[in-house]
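In what comes next, subunit A is part of two complexes: it sits with subunit B in the first one and with subunit C in the second one.
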Partner chain A sequence: MEHILSLIVFFPLVAVFFGFIVSKESAKTFGVTVALVEFLLSIVLWIGFDKSNAGFQFVEYVPLISQFGVSYYLGVDGISLFLVILSTFMTLVSLISLNIKKDIKNLVITILFLEMTLVGVFLSLDMILFYIFWELSLIPMLYIIGAWGSGQRIYAAIKFFLYTFAGSALMLVGILYLGYQYYIATGTWSFSIPDWYLLVLPFSTQLWLFGAFFLAFAVKVPMFPFHTWLPYAHGQAPTVGSILLAAVMLKMGTYAFIRFSLPLFPDASVYFLYPVAIIAIIMVIYASMVAYAQEDMKQVIAYSSISHMGIIVLGTFAMNAEGITGAIFLMLSHGIVSGALFMLVGVIYDRRHTKMISEFGGLATIMPRYAAIFGVVMMAAVGLPLTVGFVGEFLSLLGFYRVNWFMTLLAGTGIILGAVYMLVLFKRAFFGKLVKAENKALKDLDKREFTALIPLVALVVVLGVYPKPILNTIDISVKKMIVLMEKKAVLPDTRELLLRVNSVGGTK
Partner chain B sequence: MLSPISVSLANLNMALLAPMAILSFGALIVICIDLFNKNLDKSFYVMLTLLFILFDFTALIGLSGSKHGFFNMMLVDGISILAQGIILISSALIIITALSNKPFKEFKKAEYYALFMFMIVGFQFMVATDNLILIFLGLETASLSLYTLIALHNRNKAFEAAIKYFTMGALAAGFFALSSLVFYALTGSVELSVIEKVLSARNYAPGVAILAGVVFMLIALGFKLSVVPTHTWTPDVYEGSSAPLAGYMSVVPKIAGLVIAIRFLDIFLHAHIVWVQDILIFLAVITMFLANITALVQEDVKRMLAFSSIAHAGFVLTALMIGSTQANSAIFLYWILFMFTNIGAFTMLWIARHKKNLWDSRYQHPFTKFSGLVKVSPMMAMIMAVFMFTLAGMPPFSVFWGKLYLISSVVDSGHIVLAVIMVINSAIAVYYYTKLIVYMFLKDPITEDGNIYIANSSTPIKVVVGFSLAFTVLASIFVEPILTMVTQLMQSSGF
Partner chain C sequence: MEKYLYVALFAPVVGSLFSLLFTAKKKNVITALVTSALLLLSFVSSLTLMFAVHDGLTLHVKLMDWISAGNLNIPFGFMVDNVSVIMMVTVTLVSSVVNIYSMGYMMHDKGYNRFFTYISAFVFAMLVLVMSDNFVGLFIGWEGVGLCSYLLIGFWYEKDTASWAGNEAFIMNRVADLGMLMGLFLIYWQFGTFDYETIFAHAGSMNVSVVATIGLLLFIGAMGKSAQFPFHTWLADAMEGPTPVSALIHAATMVTAGVYLVIRASDLFSLIPEVGHIIATLGAFVAVFAASMALVHRDLKKIIAYSTLSQLGYMFVAAGLGAYWIALFHLMTHAFFKSLLFLGAGNIMHAMDDELDIKKMGGLFKVMPYTAILMAVASFALCGVYPFAGFFSKDKILEAAFNGSNFYIWFALFIGAGMTAFYSFRLIMLVFFGDKVYKKLGFHPHETYPFVLWSLLPLGILSTIAGFFEKPFEAFVTRVLSKYEFSLSHSTEVELIFLTSAFVILVIVATIYKYYKGGFSKQIETMPLYILLKNQYYIPKLYEVAIFKPYYVLSRFAWKQIDVRIIDFSVDLIAKVFYKSGQESRKMQSGNLSDMLRWMIVGTVVLLALAIFYRPMM
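Right, the complex of A and B next:
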């Protein structure tokens, strides 16, 4: 278990190089096998993970440029552990569901490369290393959308790439500035996050740095008004691209909020609490309304993603254990649910080559299994109790209730609106009479699709009923982080707010 | 009556001259051999040149510390050794590309190799002195050889490029001479160290004359560094000359120019003369923006790379303005990392060279030429993509580390706004580098015949590309030793 994190990060990369030699016919099997091994590795990590330890575990540290404080620094804690497992799991499932024939080898290699960057983002404890993986993850997604997408694929791919690259440009200045602040304070250069956690910054500095980091993360999440690239990217991306984009890549932004923005700039985070919360509420309500107006199934899910990400951001900025733990759990559940939904849309798109809701109707009679699975996943998407969607959403809103009950109420309407657009989608596509002649010959789910969907549905139910083991592990690391925030706060207001929102739960 | 001058050999410090002497000797030998035997193959000349460059290099790494020689005419300090190293390594890489698959007239001529070596000697002299006259001589030796090398390519475009470069270069030389004149008039010396002493003793007065001297010098150096507004020759000259020479021009004359700029500007930056800084900031910002925005609309990859190299020069110019050890180290780190990548990229174009302009009546390498390259020649597309992402500053490839350290030095000096402008520019730059990648990876191929793209390829050229690629990709490992070495040499020479 010494180097398990390096193994998890670089196993897919090594597989990428070997993948060039594997013949085209075996490429998919090769990809699935590698992803399976990678998933098992992450499970081994979970088994070996010490649940009572809130700090970073399995830490690996090798200085890269010692003079400049850049190091190869990996570690995992309760916050990142499940996001790593989510990445490996979703990559596995998406590779299983893959049925693209064109240039399959390139696609498999690209997906494995993407997996490496995603896992790397969640495991990096050095800011420069984090930035490397953060930027590298754009390249495979650019290729996936641009080469295997539909319609205006190149435009969508470039828009996605430029938007996110430009967004993180300012973060680079922020990183370097923070590194310099550390150098001034201690006399040595360091970009390692645990070192930075100890750095207490004056309020005015925090404000600027928070802004620089916020922009990068907000584009990635994507937060209103930087969300415009997302519907485009989803609209043109192939199914596998949409799954990975929605299930894992968006989580990079919200993860980064929890990992960097809150503990590094506690005062600025509290200072910007209401503006961010307002943006989050706009995301929830506005995106839901737009989702309702969509005619394209995939766009409905794309906008519903934005809406759910709004609740995650809200939970994060609740600044208490319930909210943040709930937000992380919601990241996991949204990853599973949105992945499943995009996969389900992919199933019908493969058969009919259209995603327009009006083209369907009465599918439940001809594809009963498909309708049943869609139904279960949809229930999770609208946050029905006892499904995975409920837990995170409830905890996030509960957490933010301590901050402001009225805003929580507004965000809560998002759940109702969510139910509206999802149920309408379900009704229009699955119920009613089967009128279109083309739909009468549709086949129900085949073996490949079942294999990919069943694990997702099982998780939706199991984690919905019994989320405790995951929540406990997340909670302990989150509490440690909140204590750190409180210690580091330079303004009395910040401390007061942290104590107020955390007092009822008794986290201290 | 004049008293007899006695000079001891030790005072001359012959070792300082050894690197240049070796290469001049090599050039003369090549000419002599040509007198006796005209039918020698280019591989012979290339290997001979390479051998002398290597010989030169070993003489160079024997030097250390700051040493004066030849009555203070020569000054070999840390940055001089570093710059000579960069010049020699890129020269070695570029001369190997002469072993191309397709025959070219110029490579059959012995003069090509003799001129090439004389050019290197010129650049070496340029960086190994703080005497304005010797700098001028080095500059002219190198430039005149380079003009001829370009013209030897024997195409209409090449003649155009050579004459354009020559005219512009002559103008720059004029400005250089004018600036030297002003400083000689002010201080009675052409040595930068003496000029600094005299100027600081009289508190940098009179301001107008110094302004004139600095501006003339910046114009002259601006030509060499291709800084806006003296950049106009760059795209045309790069387009007209053969790809390896274009790559050479984007690296070597600029590092020589940078060394002179560091030496020269140090006089004024140490004295905290604000307007010099202001001029440099203005030039850097305008160079970055103009070059990046113009690069967006280029239709030819080579011209795009020309504008990209202007933008990179602008990037480095920001560090020039700061003048701290970290900033000067950042310049060299950046340039070493940039050197391998850029030479690699231009060599890739050299491989893809075709006799005729198959795809466009005007351009040899239009973007459309590379459409769907990944399906026709996947290896080439991958390598080209790595070079493009590297030039764009994508982590973890080489230029990213240079960019990181450079921006860090700007941030540390307190110029946050400038740092933000730099990252905005690198965000703009990503677009045109990605454009080539989009063409290669996302569009459909226009031809089934992959051999067109590697027509000019040969094993030696592949070695050059492989070497550049390995350095580019594995840069994360090399950055630490390079940075340590650069910083040490920089501190030892007092910059």
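Right, the complex of A and C next:
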């Protein structure tokens, strides 16, 4: 168990090298096997994880460039543990669902490489290492969209790459500046996050750094108005690309808010609380409306992702354990739900080679199983209690209520508008009479699709009914982080707010 | 006794999962039999619990923890007390009857197995709603019944109107649910828990304005589920679903969840009589408003639906005025006679090949006498004629309104009672008596299966005699709910009862006489008032023009104009600026020696200027 984190990060990379010598026919089997082993490794990590320990566990530390404090530094806590499992799980499921024939070997290798970068992002405790993984993850996605996409795939791929890359450039400056600040304060260089957690920064410095990091994260999430790369990327990406993009890659942004922005810059985070919350509310309402107007199924799901990410951002900036734990849980649930939805759209796209809603109607008659699974996942997407979607959404909104009830009300319209676009989509695609001749011979789900979808549907229900083991593990680390924020805060206002939003009762 | 609780709660879900296995297969009677048996089992367990509760038992179980984060901890907790057990018995009884009835009604439907899956799932959700010991548990059931209602309204999903109505119901309920959620959030941050007992125990020491806000927000949720104005339009459209569903969900049980919420939280609401007054006023308004729309409608089911709305208004009046046990009593009796009325309507629809226009029927008494008698019983109960059930429960509500000196409310309810008498017997007369219009239109109606009629008998009996249990009922539920003191003198009370009864009977007799003589002339249909009522005060139209359409237009605008034209265009513009400037500056590298020398001079000048003017900050 000592080097399990390194194993989890680099196992896919090692497998990639073997992937080159695997024959084309067995490439998918190879990919699934590797992803399965990787998933099992992450489960082993969970089993070995001490859930009463709020700090970083399984820490590995090897100095790389010691004069500049750059090191190979991995660790996992309650905040990152489940995001790692989500990454390995979604990679596995998306590989099972894979049915692309073209250059399958390259695709499998690319996906495994992507898996490494994703896991690396969530496990890095050194900022330089984190940045490397963060940027490396762009390359496989660029390749997936550009090589296996449809329509304007080159445009979409380049837009995705340049946009997120440009956003991250400022973050690099921020990272270097923070390292320098650490040097000034202590006399030694360090890029390790636990070291930085101890650094108390003056308010004005926090403001600048918060801004520099914010842009990188905001593009990744994506937050309004930096979101327009997302519909293109989803529109052109193959199903597997969309699944991984929506389910895991978007979470890198919100994860980074919780890992860096809040504990490193507590005062700035509180200072920018309202502007960020306003953006989050715009995301919820505006993206829901745009989703409702879409004619393409996949774009509905793409915009719905933006809307749900808005709730996650809001929960994060609730600054209390309820909200932040809820936000992290919502990241997981949105990963499962949006992954399943993109997979479901892929099912129909494989059969009809179109995603336009108007091409369908009455699918419930000819594909009842497909309709039933779509229905269950849809209910999770609109946040029905006892599905996975409810828990995170409820907690995030509950948490933010303590900060501001009116903004919570506005963001809460998401539960209405979300039902509008999802139910209307469902009605137009599945209900009504089956009129189009092309749809009359459609086959219901096959074995491959079932194998990929059933685990997702099972999780939707199981985690909806019994989210407690996950919530508890997240919660303990979140509480520790909040204590840290309170300790580090330099302004009395910040402390006051943290104290207020983390306690029950009182006036107002 | 705990095992009875678990049996009552989980038997329906077992039935639902069992028939779920058959949904993709051909019609199989076993799904209906198994679900019926399990619902009956649930009913028997609930009944057993009721007797146990009568002997002084209250059950409280915690199954397991559900959500915990921060200071929050929500368990799956259930309790059986005097209030919830009444709901359990009512729900399981009506649902058992409906389930057995549906074996006949859905006999030739291709969604047979699916239907029974949904019905049992609904019963489970409803039981979670009434049995939970905390507000979030109630909310689980609340959303669960909403989901089942959505699925069952849109049961015949090939019909566009049906799936539209399903969406409308779900979405409109969601609007109200947002209000309720806000109420839940406020509860949490004030009390630190969602547990009923703790909250009710501490509510008294809270700031009254906070409690009032909580009460109002919860009531918004109740308005959605119980289809109170302005959320009422979904209920009439919900009649697109199969008729047994209308009987069970949209009359007897789910729509009363809002009333149940107010009764359940009576310890909160009794602290805030002003909010109670708002509830009662709105209830009285809906009682008349909905009844007025029932006066002119020709759609068999929609008349009964508006009648349901109106009766829900009565219940809210009682609950708002603090007469919680009366509200619960009317809720129960209403469940019996209203589901009977709906199921009778189902028999008629079956006989008439799903025709709903009551003007196309007439004279059906000869063909289906048993249905006619059962529906007449239900109508007498609905109108509150002695000795039927409605007489006892509805009269008590009017008395309570009078008792609290809320004469406007009393008068509204009084008028509402007259309207109820009129539309009920207009329906009876047009359907069962008079000219046999159906013959001209070529229908061949017939009485339904005997087992279906037998299954309705319990409801018929209860609609007749349930009123006589008023005193024991009061004693039973007021062990939990606060008592309601009547300060009226005995003579006033008798006068009131006499006045209302006389008025109702007078209207009934007049209606029967009028329709016996051939009814109203065609001329009445051109009156503005008639047209206004017929179009439901143009409210559905208003919603469409003022909300649905503008929202779509606005959404299109947000996408096409803001997202594509402005935001994405700006992003691409930035990219283009870089690209273009690169393209343009490429020309500098022309390879021409004199060009290069020229640029060299420019460079030298710039560097010299920098050297002269730029002073680094040192």
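Here is the rule we use: the second predicted complex is superposed on the first by the 504 of 508 C-alpha atoms of A that agree within 3 Å, B and C clash if a C-alpha of one lies under 4 Å from a C-alpha of the other, contacts with A are read in each partner's own complex, and residues count from 1 in each chain.
Criterion: a residue touches a chain if its C-beta (ideal position, glycine included) is under 8 Å from a C-beta of that chain, and two chains touch if they have at least 3 such contacts.
Quantities reported herein were computed from a predicted structural model and do not represent experimental measurements.
Asks: Decide which partner touches more residues of subunit A, taking subunit B and subunit C as the two options.
Replies: C
Asks: Thinking of the overlay built on chain A, is A:186 touched by subunit B (first), by subunit C (second), by both, or by neither?
Replies: Neither: A:186 stays clear of subunit B and subunit C.
Asks: Considering only the touch criterion stated at the top, classify A:204 as touching first (subunit B), second (subunit C), both, or neither.
Replies: It touches nothing on subunit B or subunit C.
Asks: Just to be sure I read the superposition right, which of the two partners does A:143 touch: subunit B = first, subunit C = second, or both, or neither?
Replies: In the superposition, A:143 touches subunit B alone.
Asks: Touching A:131, do we find subunit B (first), subunit C (second), both, or neither?
Replies: Only subunit B; A:131 stays clear of subunit C.
Asks: Touch check for A:177: first (subunit B), second (subunit C), both, or neither?
Replies: first
Asks: Touch check for A:415: first (subunit B), second (subunit C), both, or neither?
Replies: Second partner only.
Asks: Looking at the overlay, what does A:169 touch: subunit B (first), subunit C (second), both, or neither?
Replies: Touch status of A:169: first partner only.
Asks: Look at A:153 in the shared chain and tell me whether it touches subunit B only, subunit C only, both, or neither; answer first, second, both or neither.
Replies: Touch partner of A:153: subunit B, not subunit C.
Asks: Based on the A-chain superposition described above, do subunit B and subunit C contact any of the same residues on subunit A, and if so which?
Replies: Residues 162, which sit in both footprints.
Asks: Touching residues of subunit A toward subunit B in the complex: what are they?
Replies: Residue list for subunit A touching subunit B: 64-68, 103, 106, 128, 131-132, 135-136, 139, 142-143, 146-147, 153-154, 157-158, 161-162, 165-166, 169-170, 172-173, 176-177, 179-180, 183.
Asks: So in the complex, which bits of subunit C are touching subunit A?
Replies: Contacts found on subunit C: 23-24, 64-72, 136, 139-140, 143-144, 147, 150, 154, 157-158, 160, 163-164, 166-167, 170-171, 174-175, 177-178, 181-182, 184-186, 188-192, 207, 551-552, 554-556, 558-560, 562-563, 567-568, 571, 575.
Asks: Considering only the defined contacts, which subunit B positions touch subunit A in the complex?
Replies: 374-375, 389, 394-396, 400-401, 404-405, 407-408, 411-412, 416, 419-420, 423-424, 426-427, 430-431, 434, 437-438, 441-443, 476, 479-480, 483-484, 487
Asks: In their shared complex, at which residues does subunit A touch subunit C?
Replies: By the definition above, subunit A touches subunit C via 159, 162-163, 225, 227-229, 286, 289-290, 292-294, 320-322, 325-326, 329, 362, 364-365, 368-369, 372, 379, 384-386, 390-391, 394-395, 397-399, 401-402, 405, 408-409, 412-413, 415-416, 419-420, 423-424, 427, 430-433, 465-468, 471-472, 474-475, 479, 502-505, 507.
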